[in-house]
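Encoded as structure tokens, here's the structure I'll be asking about.
Chain nomenclature is as follows: A, B, C and D, assigned in order of appearance, with residue numbering initiated at 1 for each chain independently.
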Amino acid sequence: MIRNLIIGAILSSLVLLAALVSFVWTPFDHTAMDIPAKLQTPNTDHWLGTDHFGRDIFSMVMVGARTSIAVALVAVGIGMSIGIPLGLTAAARSGSWLDELIMRGNDLVFAFPSLVIAILITAIFGAGAVNAIIAIGIFNIPVFARITRGASLSLWQREFILAARVSGKGPARISAEHILPNIANLLIVQGTIQFSLGILAEAGLSYVGLGAQPPTPSWGRMLADAQTMVSFAPHLALIPGSAIIVTVLGLNLMGDGLRDWLDPKLRVTRT
Amino acid sequence: MLRYSLKRLLSLILSLAVASLVIFFVIEVAPGDPASFMLGINAQPDTVAALRTELGLDQSKFARYANWVTGMLHGDFGTSYTYRTPVAGMISDRLWVSLPLALYALVLSTLIAFPAGIFAAARRGKGGDMAVMGATQLGVAVPNFWFAMMLVLIFAINLRWFNAGGFAGWDKGLWSGLHSLTLPAISLALPQAAILARVMRSALLDILGEDFMRTARAKGLSRRQALWRHGVRNALIPVLTIIGLQFSFLLAGAIIIEQVFYLPGLGRLVFQAISARDLIVVESVVMLLVFAVITVNFLVDLAYAAVDPRLRSRT
Amino acid sequence: MSLLDIQNLSMSIVGVPILQHVSLSVASGEIVAVTGESGSGKSMTALAVMQLLPDIAQASGTVSLGGTNILDQSEAQMCALRGASIGMVFQEPMTALNPVQTIGDQVMETILIHKAMPKAKARQHAQDVLERVGLPADRFPLSRFPHELSGGQRQRVVIAMAIALRPKLLIADEPTTALDVTTQAQILALLKDLVQDYDMGLLMITHDLAVVADLADKIVVMRRGKVIEAGPTQDLLTNMQQPYTRMLFAASNHQVALPPPPKPKPLLQVKDAVRDYALPRTSLFAAPGHYRAVKQVSFTLNRGERLGLVGESGCGKSTLTRAILGLEPLQGGQILLDGQPVTPTQGADMQRKMQVVFQDPFGSFNPRHRVDRLITEPFYLLTDPPKGRARQNLIAETLIAVGLSPNDATKYIHQFSGGQRQRIAIARALITRPELILFDEAVSALDVSVRAQILDLLADLCESYALTYLFISHDLNVVRTITDRVLVMKAGEIVEQGATETVFSAPQHPYTQSLLAAAPKLPELSKGVITA
Amino acid sequence: KDSIIVAMQLEPPHLDPTSAAAGAIDSVLYSNVFEGLTRFMGDGAVVPGLAESWEISNDGLTYTFTLHGGVAFHDGTTLDGEDVKFSLDRARAEDSTNAQKALFAGITDITVVDPQTVKVTLAEPNGNFLFNLAWGDAVIVAPESIDDIKTNPVGTGAFKFTNWVQGDRIDLTRNADYWGTPAVLNTATFKFISDPTAAFASVMAEDVDAFISFPAPENIPQFEADPRFQVLVGSTEGETILSTNNKQPPFDDVRVRQALAHAIDRQAIVDGAMFGYGTPIGSHFAPHNPAYLDLTANSAFDPEKSKALLAEAGMGDGFTTTLHLPPPSYARRGGEIIAAQLAEVGIKAEIINVEWAQWLETVFRGKDFGLTIISHTEPMDIGIYARPEYYFQYDNKGFQELMTDLNATTDPAKRIELMQQAQTIISDDYVNGYLFQLAQLSVAKAGVQGLWSNAPTQATDLTAVSWAE
């Protein structure tokens, strides 16, 4: 439905806009503390109030959008840049030992409990945005590999691929010239979905203290910091919580809308 | 069928072997030493060395890997560095919380998702469909720990219908056990239900476009009869895949929820074990989880065959 | 009074008229065939009778079944009619059955849903009906699943479902299009018998005029949502009023004149070719089994010769094609082109000598490329492909050769009709001037009129380019006119070969004989009529 | 009502207080299940425990302990001198895994004079010896039950261990045969709730009767306002400090360390991180100790002075360093505030959140850090400044001699004087940033009485706890 696409695009671009504007302007310095002015409810000065250190929540949410988007985007980038070539290779060599190896490897990565591994990665390399990206990115790889292979396999059965083979083109060339452009839509749609999952995952990791590190604000950490104060300062949790929901909702709607708009017959798995 | 199962079994064993290697050596590079963690900041170096000897940490990595693997083959997962009790026992205690919780959440999510997905598919494009789909969008977008927090505020603190957390144990009866798992199960189930409902809907919509649905209508079945008799079972295949994935996720992914509801489950065990560098526990739990996922996938494959006769004769 | 009477049926979808004032009638015991080219509204008419039109369709007029106007019936009343009073058989037997239910359950469902009899009796009845359509319970127990049956057998199950309650009217929408000729003949015979036994009315939709002429009592010809001509079969065949009808019949039996082949000089030699498909292991330790799709096939194709390959579905025709193209390895024997062996690892110089045209005019092209890029794909094989103007000229020349315009070079494939796409496919095969072209079911998916045009094009090209090709088809009529020599293939083996006319007029092998016998034939129409 | 459910954040890794540093073990078992020769009281005083009395030889080298009569372990075996000798020998043995082995370092010999009398000989006089014996790591265990001690602790206390559901709770029941004043409660359950939100919820939902050392100070006002609950605010032995790597440039320059001290606004940290709970300190000493000197003025908040000092040290443009923060919220929150405050004077502290295991490895043992925040919870631990190899690497001969003197001194007045000197030296040397004394915040239902409000050691002594009528 095109309406989904529009609503989703508006929500997502609002968030993107906030992130971009935060580079040049925020109402306050997002790191500036003013402890006597802590825990203010929204007012004319601080539009969304202040947190337990007296920082301006509006500014933090804006900069937090930057963190969330950056982490999720790079994680999706990792997943795509490794997963898609793997999937293409597996499909081109379908049935061979290489295909088997790639797919079994995929299953294995899938089988690992992602959150536990994410915690381990941060335990090994230390908490931080970069490691959160790696942790989320690793689990994006099999998602893209699998969906790429699945979609490519059916394309490899198509006669225009046979025609290309008759024209002497090798698997690599065919993958790049014929397969990839034809599954691009599918990958873009899956990309938006993984992107939204990435934002949720970053929030979850930050919530347990393994995401971006202070003073870089992150929605998940704002939420985690606020959790004990929900009972007397609910806006502290509601605001970053809503930011996450709006972003994820926007991206999902956009993904759904894109899928319907680009090709109603696209199959997208989302887990 | 048997041949197929055998083949799957072989790849299962191979996967586990590779997994054990990966797990062991990845986890072993984590900085931090269980012995110094146990003994704290006033410990003297010789005390730490003594504890390392006692824990067997002075052996080479390969020797320890070999011990661990051979032990596991005999059902012996080793002894926890911090708790100093057999890991197998600890895990099985925790499983009595995590497994029922995962199952409970799965049942809830299925009970919500099936009717919702079928309802939406049957009313494709109408108000009911929009409402259900809108709700699922929201369900996917709400972080579950946040949702859990809200549940506790409302149902435990304000209404006092449930405990804020903790697990009553099964010895006090099935009911009190389930009661203490209800809020955690709901917070785990809802996002999963949203996903499952969407899968159910789209699978059904695919099926609705199939020729045999038209054949069914031509026989005189009403739209609804056709949907239930011919649609749902065929739609089960993609849905089963997702259910399988979700179960493994629920088993391993409840860490944060277990934290919020202070449940003595596997997730919290592994979380604690990581921070205490109780590596053998971490390794064994991860191994178990990998095993569970692979086994569940295996079972899902067998379940496909039960649902889809075409696969029964598959070579 | 007739059983089914459609009067002035019009139907539109979001304002687009699909059916316009369609009128036709079917009496008990009568077979009425509806024919016409693809998209003419045949299926829509049938669905209107069943009231299974898409939700967005708007219908007007009357469709009366035994006196009641179906268009006025409520959905519940329609449910009671469907399956009980009107049965329907669809084209695709592979997908018309629920894959997860046994055939017994599916046939019984028709009975049970109308509460015609208790369960135990329904079971017996289902068994009887299946027996009636030629699926006796001792060989085909009710507990079989659809995937355990062949296409023809599945179509019988679909028919059994449709006739289980002896409906007064049976609608069959292209019931045999997906089947091979021998099976098609059996199913048509079965339908004819059922009409006689049960005194049903049969509304039969098909685009195959040979079938129509063979089977129907009355013929209705549709074009662009309108009935343009209708009448009893004999009258209509002998006295066609509409040019379109005449054209349709002419095209079905289209003949082309090929230039005579040059002196035999071998181009392609296939010697004892064997192609095995590996099957998954049967047990963990046993060696993997294999399925032999091509068994010791040998033949020679001479330069300038047009060779046909016929045989029913699954006999190994496409497999052989892929081996000749060097896309898949042989497990035995040899294929020589110009005396050089063909292998999957062959160099570009070998590959350049062959091109191929496939069946599916939709699937043969990358939808994201423009026509110029599509047809020049084989340039990849050339060491020194033409560039710039030379390339433009060659593209234009080739497009003109296949009857398109040079301007088409910048269009995308979805901007063309099926026949035009097949022309583009031929252009792609032609552009590097290969010595051999393989046509794998290259006209099977086309409407009769379009098919006739493509056949003409091929004949023209033979004239101007002296083509050598292997033409693969299961359509005997087509092969008969477009080839000089023919191979008959059965289950991976070549059972007969010879000059086309000889084989068709005096088949030697029993399989060839049965194949020819099963193929429906158009009646010999007087030459005067066929002048489209 | 004769039972109680007490919650705390951390679960003991195992139940042997003599072979792990985890405070959680003592929190559950100290005084409840295990007792030592001496013991701490709620106010920090050291009083006789299993030892009824003792005599100290004039040279201060020999302690002769007389044990209480009729003391039995929970498994029925009686406590005698052999058990005491076994316990102390085990703690100081070569292969001992006692986390505080240093407490016993001075012991040269232990002799059992008779079943009720044990003589301990020291190498040199030690003013802290009786205090040392009061630690949880010095409790008396029996050789008969030592093998299973990690899962089935057998002590002499007023409560017996009954059950441990790992990850969830530990159950104790009253020891009917207790040698001293028996416990009032019949049973006690310890529950482990690490998440601060869950802690809040569990108290609010009345799932637990008391929460010892409540982790979220921000919630305390709510409990105070709620008549269902009482809040116990006490102090701990935890000096919360901004530990500074004295060997790492530029912190090897005392002016830089002083600049650091003046850049920090303690009150803001107490307010922001602890929501007002905690006493600012100016040196490494607990304010409730009689020897405490208030030296906070020595490092008053003065950013201008701080900048001036930095300039003087050639660091006028500021510098970059690391700030390692272990998990507790005092460190994580305090660290964020300190980083912001240091930024004001041009010091860029990069926050690195670490787990304890990592902290121990990199900061404590690897000494690979610039700054870190930690609460030193061991009682009377100013002695760590006399250990040049200790992680903050403060090496001052004068201070080391002072500590040796202090150890050898038993005269209380003299000891106070020496301790005050010590406080002044490290304050003047700005060894570390001294922040505040960690408060002990506990919440209990209104009817609970007899809980310790202070935490002189990590203990939850339930022996005197009861419910008001």
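What we mean here is this: contacts are C-beta pairs under 8 Å (C-beta built on N, C-alpha and C of every residue); 3 or more make two chains touch, one makes a residue touch a chain.
Predicted model only: the values in this text are computed from it and were never measured.
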item: Top-ranked pair of chains - ranking by C-beta pairs in contact; value: B-D
item: Between chain A and chain D, centroid-to-centroid distance (C-alpha), Å; value: 44
item: Distance between chain centroids, defined by C-alpha means - chain B, chain C (Å); value: 49
item: Chain A and chain B, separation of their C-alpha mean positions in angstrom; value: 22
item: Set of chain B residues in contact with two or more other chains; value: 31-32, 149, 153, 157, 259, 274-275
item: Shared-contact residues (touching 2 or more other chains) in chain D; value: 197, 204, 327, 355, 358
item: Junction residues of chain C, two or more chains touched; value: none
item: Pairs of chains found to touch, sorted by chain label; value: A-B, A-C, A-D, B-C, B-D
item: Of chain B, residues touching chain D in the complex; value: 31-34, 36-44, 46-47, 50-51, 53-54, 82-85, 90, 93-94, 149, 152-153, 156-157, 160, 163-167, 169, 259-265, 268-269, 272, 274-277
item: List of chain A residues in touch with chain B within their complex; value: 104, 107-108, 110-117, 119-120, 123-124, 196, 200, 203-204, 207-208, 220, 223, 227, 230-231, 237, 241, 244-246, 248-249, 252-253, 256, 269-271
item: Of chain C, residues touching chain A in the complex; value: 322, 325, 327, 348, 351-352, 354-356, 358-360, 363-368, 377-381, 425, 428
item: Interfacial residue positions of chain B with respect to chain A in the complex; value: 11, 14-15, 18-19, 22, 26-27, 29-32, 137-138, 140-143, 145-146, 149, 153, 157, 195, 198-199, 242, 245-246, 248-249, 251-253, 255-256, 259, 267, 270-271, 274-275, 282, 285-286, 289-290, 293-294, 297
item: Interfacial residue positions of chain B with respect to chain C in the complex; value: 3, 6-7, 10, 210-212, 214-223, 225, 229-230, 233-234, 307-310, 313, 315
